[in-house]
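In the two assemblies presented below, subunit A is common to both, partnered first by subunit B and then by subunit C.
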Partner chain A sequence: MKSSSITSVSVKRVHIWYALIVFVFAIFVVRLFYLQIIQHDHYKTAAQSDQYKEYEIAASRGIIKAHDGDRTIPIVLNHQLFTIYADPQLVKDKKKTADALIKVLGGDRKKYENAIAAQGRYQVLAKKVTQEQRDTLLKYKLAGIGAQAQEYRTYPQGTLAAQLLGFVDDAGVGKYGIEQSLNKQLTGTPGELKAVTDINGVPLAASEDNVRKPAKSGNDVVLTIDIGMQKQVEQLLQQGLQTAKSSSGSVVVLDAKTGAVKAMANYPTYDPANYAQVTDANLFNNMAITEALEVGSVMKPLTAAAALDLGVVKPNSTYYDQSKIKVDDAVVSNIEEDGGPGTKNIADILNLSLNTGATWLLMQMGSGELNRQGRQAWHDYMSNHYLFGKPTGIEQGYENPGTVPSPTSGYGLNITYANTSFGQAMTATTLQMAGAYAAMLNGGTYNQPHLLESTIKNDGSVAKNKPKILVQRAVKPEVSKEMQPLLEYVVAKHHFKRKFSDAYSVGGKTGTAQIANPAGGYLEHDFNGTYIGFVGGNTPEYVIAVRVDRPKIAGYAGSQAAQPIFGDVAHMLIDNFNVPTKG
Partner chain B sequence: MAMSRQRFAVRNQNSVSFRSTDRRLGPITNTVALIILACLLGLLYLTQVTKTNAFGYSIESLERQQTQLKTEHDNLEVASARLQSLDRVQNSEPAKNLVSVAPASVVQN
Partner chain C sequence: MRALDQRRARRANMGQSTTLSRRHKPDYWLLIIALALLGVGMIVVYSISPALAVEKNANGNQYVLRQFIGIGIGLLLFAVAARIPLHMWRHMYKPLLLIAGVATLLTLLLPVNQEYPAHRWIRLGGFSFQSVELLKFAIIVWLAGFLAYRMERNLMDDFRQTLRPLFAVLAGVAIVVAGLQSDFGSATVIAAMITAMVFVAGLPLKRILMIGAIIGVGAILLIAPSGYRRERLATFMNPEADCMSTGYQACQALIAVGSGGMTGLGLGNSVQAYGYLPEAENDSIFAIHAEKFGFIGSVVLLGLMLALFARIKRVADRAPDEFTRLVVVGILVWLSTQTIINVGAMIGLLPLKGITLPLISYGGSSVLMILAVLGVVFQASRYTSLSSVRDSYIDRGGSYDNSRNGRRLRRAYNPALSSRSRT
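On to the complex of A and B.
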């Protein structure tokens, strides 16, 4: 009876314990149900905010290459440097930290101490720190001090072609030159990494939610310029400007047959690696493209070619030049060395740089007088054959289209158009002039002046840039052939420091352009000097355009300041760049 | 007495007995077994996840190495380009010893 009672109590206890365990389990189950099912989203978000990290993988900017003879070499590359920063809230020993920073990075103690003591959680201590400096600094294991990698543009050739290349600002955006114009191609697509990470930020491979999209580097670009030619052109320009006592100028060397820019130099220049130190923003401009000027007498060959193309004159046509022509209330006259009144031909107009001759050519376009017909015909040539007043579309930022006056509306149209026939009252850039000369001399095809030769994509494939033909027939091929000896004649009749060999064809024309006075009229004592010419064998190989701003040397700006630079560049090309001989 | 022995003798003649062996696991055993099974499965899952995650560290290490090598490559490319720069070549000792072939005289025409 007693034993039976004990067994009954034990069973009861077991049942109670069993019920208790079940109850506790039930509590767990209910609690877990609440946490994992009902509060699922809340806790998932809370957990992910700690564990799920999103990183942007920076894309490398494409590099810029150029020709060095037969090979291509990089002239703008990326270089990884570091930004050293502090999180002031985490810095423990401020003195020790400042000591280490001074030891490794140099600089001012006060600057570091102020940064470390500042409010906020991100204080930049130093930029463009090298890998070695960064490694040394991190060895100190300073709490609250970190390093962030950043790519910077580096220029192994220093200031070479600075304005043509442009630079990349701190936000990674290309400014000026090629960097601006081809920014889209050069900029890559950043990648992204979204992953559940451990406490050190290392992605855990087992997570299903990980997203890994690799960065896509920007395309590399190959330019048409030859760095050897560019270097020499820059040197010759600088020397020429010093001799001419001018503070600024440009030279463009264009492949006459293709429109490819082989060299494009400006002076003064700047160091693109230190663009932030430049105080005058005008220095960033590629003056050969961004600044249009009244070009002066270099326009006369284009006027002659237009008249020949229209068939209103022949290469051997003559006229009687009275040294001045009255146009409405104004008088067009020549420079003093015009040889006086007499019978002149087109070669004389170019050689003696006769303003009256250029006006006479314009009159022939109007059936012998200055009128609407002549103005419209010449306007058509300026705008639609030589493309003045329109940007060339070269891969550069801030291209200036220049200006061409209307032939039908405005004041004093006849004298205005007489002026345009010898390069006044209209404006064009040095590049536009080179492009128009190339079209006039290469058989009549206006190829778009361009700097981009090819693009190298991420997968290594090369896409050649097909330059556009802007005008199929700027002038007839026969007119083009007639213009070459006319310009050779001008060179033959002018003095050059070093004579050109008869084995080569060299031609060109000077220009001494008046400068518009902002107060009205023209400046009395300041002129711009220009020279556009070519060098080649049977046909022109290179077109060379020179611009010299306000030279202070005695004599005409075109012949005394710009022509010597043309001569030096032409000889340099003959000596070094395999210009074919006649034959 | 003999009668009663005989009676027993008849009753004990079958020495083989058949007993029902219908054994069943109780609820506690079942619960424990299920918990152990769940634990084993959990352990298996954890070992696999840990193993997979360990690859994350290998990947991280390899990626770090790849980045370092790329940076090193880029730095060498920059150094190479600098060494070949025109200014450096122009100012090099061999270049300084070269003789200019440009004509010395000035010809006027």
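On to the complex of A and C.
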């Protein structure tokens, strides 16, 4: 019976053991009830806070188009590239991961290994990775390595109009130029994605709770710029600066009737695709609008037009020029080629660029002398007719308004104002000069200089940009008609390498502007060369403004450095851009 | 010559003991429940295979296919084991221990995989085998023989004869499995197996408490110097304190279980498998199951498990001899302890151990060995000891008609009880 008792003991003990298992299972069931029923909401919330993620879907930035003859073509496009990142917490095999990264992306092992070992959960490994590279890399299926699409601007025309266009920084914000001023329009509205995702943040398609609000792309914009014209203007500017031994300069071509900028070139420039490599931030500036300078004698036609408009002189008025005028303690004098004292008319003032003549015109505004009345009258024209000292409001970043001295307060107001009558002691941008000339020559309407022709919304609808008329009547229409032949006369009297055909109306004025010395007075040997002129048929078609900084070529900066560039651009426009003939 | 004689004598003795039991049809419920559990596991692995494909950068079908192959080989082993009479194992404990020992030694010498840097696996081609699974079975067979021999000679209480070798084995397991392989989970399973078998073998409770105390001290000695284990224990005490690093898996398991609710998210809707819960197909499969099928599904799974254990217990009850009973009990403890450790960890009642859920978890060596040992139980279920039938007959107040083999057993049952005497 002994073994039987052993057996019954062991069977009983099997039962005890089994009872123990049943007991533990009962606890498990109670615990499951607690977790799954009582605490269900708590864990559901915890699960969602882990699994439910919100994303911003980046909106495509609007593209920028410009004219190519009659059609418009893109000049700034988007290109999708990828940022490769690591979530170090999820990276399993560091060595294998680094190997794959080096193989696909190239680069330094140390850089990758450091990033993979870093603390944060988002470590950028490489930027601007191409689609092919990304696809190859993702084929390795490396845990914790992801790719994020990002749009970058591309420039099919290379450096063309770089400063006018500006660039888009890493954060997607437009900087300088059009990108800055039209940033709001170009930037779309980002979309939203709320979804249950896997641990890497990849949305699981199956989830019903997913919310998707698509991104709205930014508007496309069409510029008034003509790509072909811009290209040639940039080329002619660069050549002209080389000849004039100048390191920088600008050219603006304005539609005389509408204020539309057809070309706006600066030299030197930069490559917007590689903006990050630019060391001198000045290069980003569109100098034609960001730099105001003393414009020099190109002001004289505007002074003459103001006097004509005021009716204080007639186109055929004459006066006796003594070659110098004493103003308080200072003397206004002319360059040597003025022909000496003698009877002069307005055409002579412009042709010979007589400072004394400009001063005489100003004196006529003050009933024959330099006084407050004349200053105020001229100030009114500068500020309110030609809009110096005020930004034009063109679609560009960092526009410089320039300066106009006060006619009523300060020292030496008479000599200061005498100076302004021939373009010194005040500053204006190249664009402002072009705008003022256009107003003076087109019958007196100052149209806002503009680059934006139209906006194309996502739905394809086109909104034309209606440029503002800034001044209804800068000068009387008759004055415009009188000024055109006066400026034609100046061109006719000056030497151009290639003569202009009589079928076209071409006029203009040089300027050799003194440069203010920061230590006081003016620099002795450095001048800026300027030239503002027009080409057209019966009426001016294009206004061309040229500026050459400190040319080292012998002779006057205006006629030796700026005038040849004007000549080249004017010929180019006549040759290629359907300037109407007279008749 | 003496050894040979002894063996002959022992065999004769065993032959005698089988005459006291009746051979009959095996317990098919055992197989049916096991297949049902395999089916559940298969469904869960299959339904998360798209997630595994994404998170582990592998072909999802590969998991299903491998599990199929594992189960296929496992069922083959089941069939083979089901045909080997139990007393054959009793003589094979030496080669078994030798094979298990060599396999364990191999794992310690072979280079480790970077992903699982522990000396636990023998890798052959695409398959890996955990040597400790073999060791568990070898220990069961050896211990059952060892204890049965002593029970038969009434030596259970003898310290030198019984307890000293037991402590030696325990120490060996602690050093090799828990120490060198750092497989604390398996060491726990083995310790539970040994304790339960000794308990069932009739060791006085005093001695068992002593063994328990020694295991406890050993566990503390093993945990204390290992930062990794201390961390795991601390994590277990308060898992939600540090969900981002050490408590991550524990937290995610609780989230998976808790978010399942009453009926679960549905078969295809587990989110936690998408990389949130580590080892989703393996150690954490219960949490995924609970997320998919909710409280109801979890209880059904535990019910199936318990049903399987009940069938194994029934085989142990009716075992024709003590060796068989101890083997079956060892297997019962193996499976149940592993289930308890695994499920307990997933529901935050026990620390994480890195141990599979029998028959459910994906993983070749686990399912292979478990099906093999279930084959052993299946073989054991072919026999019913007459004394146990009589006991149950008496327990139930006279009728055992609901027994499948009632008719045959009744005929086999000999009212002359005295002939049952084994001594």
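To be clear about the criterion, the second predicted complex is superposed on the first by the 519 of 583 C-alpha atoms of A that agree within 3 Å, B and C clash if a C-alpha of one lies under 4 Å from a C-alpha of the other, contacts with A are read in each partner's own complex, and residues count from 1 in each chain.
Just so we're on the same page, contacts are C-beta pairs under 8 Å (C-beta built on N, C-alpha and C of every residue); 3 or more make two chains touch, one makes a residue touch a chain.
Just so you know, these numbers come straight off a predicted model, no measurement behind them.
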Partner chain in contact with A:Ile469 - subunit B first, subunit C second, else both or neither: neither
Touching partner for A:Ala47 - first (subunit B), second (subunit C), both, neither: second
Partner chain in contact with A:Ser10 - subunit B first, subunit C second, else both or neither: second
First, second, both or neither for A:Leu35, with subunit B first and subunit C second: second
Touching partner for A:Thr154 - first (subunit B), second (subunit C), both, neither: first
Subunit B versus subunit C as contact partner of A:Val202, first or second or both or neither: both
First (subunit B), second (subunit C), both or neither touched by A:Val24: second
Subunit A residues touched by each partner, larger count belonging to subunit B or subunit C: C
On subunit A, the residue positions that both subunit B and subunit C contact, one per complex: 18, 198, 202, 204, 206
Touch list for subunit C against partner subunit A, complex: 51, 54-55, 57, 114-115, 151-152, 154, 196, 199-202, 252, 254-262, 268-269, 271-272, 274-276, 290, 294-295, 298-299, 302, 305-306, 309-310, 313, 316-317, 322, 325-326, 329, 332-333, 336, 340, 343-344, 347-349, 385, 387-388, 391, 420-423
Contact footprint of subunit A on subunit B as seen in their complex: 28, 49, 52-53, 55-57, 59-60, 71, 74-75, 77-78, 81-82, 84-87, 102-103, 106-109
Subunit A to subunit B touching residues, read off their complex: 18, 73-75, 77-80, 131, 154, 156-158, 160, 198, 202-206, 227-228, 231, 492, 495-499, 575
Footprint of subunit C on subunit A - complex, ascending: 1-4, 6-11, 13-18, 21-22, 24-25, 27-29, 31-33, 35-37, 39-40, 42-44, 46-47, 50-51, 90, 92-93, 141-143, 196-200, 202, 204, 206-207
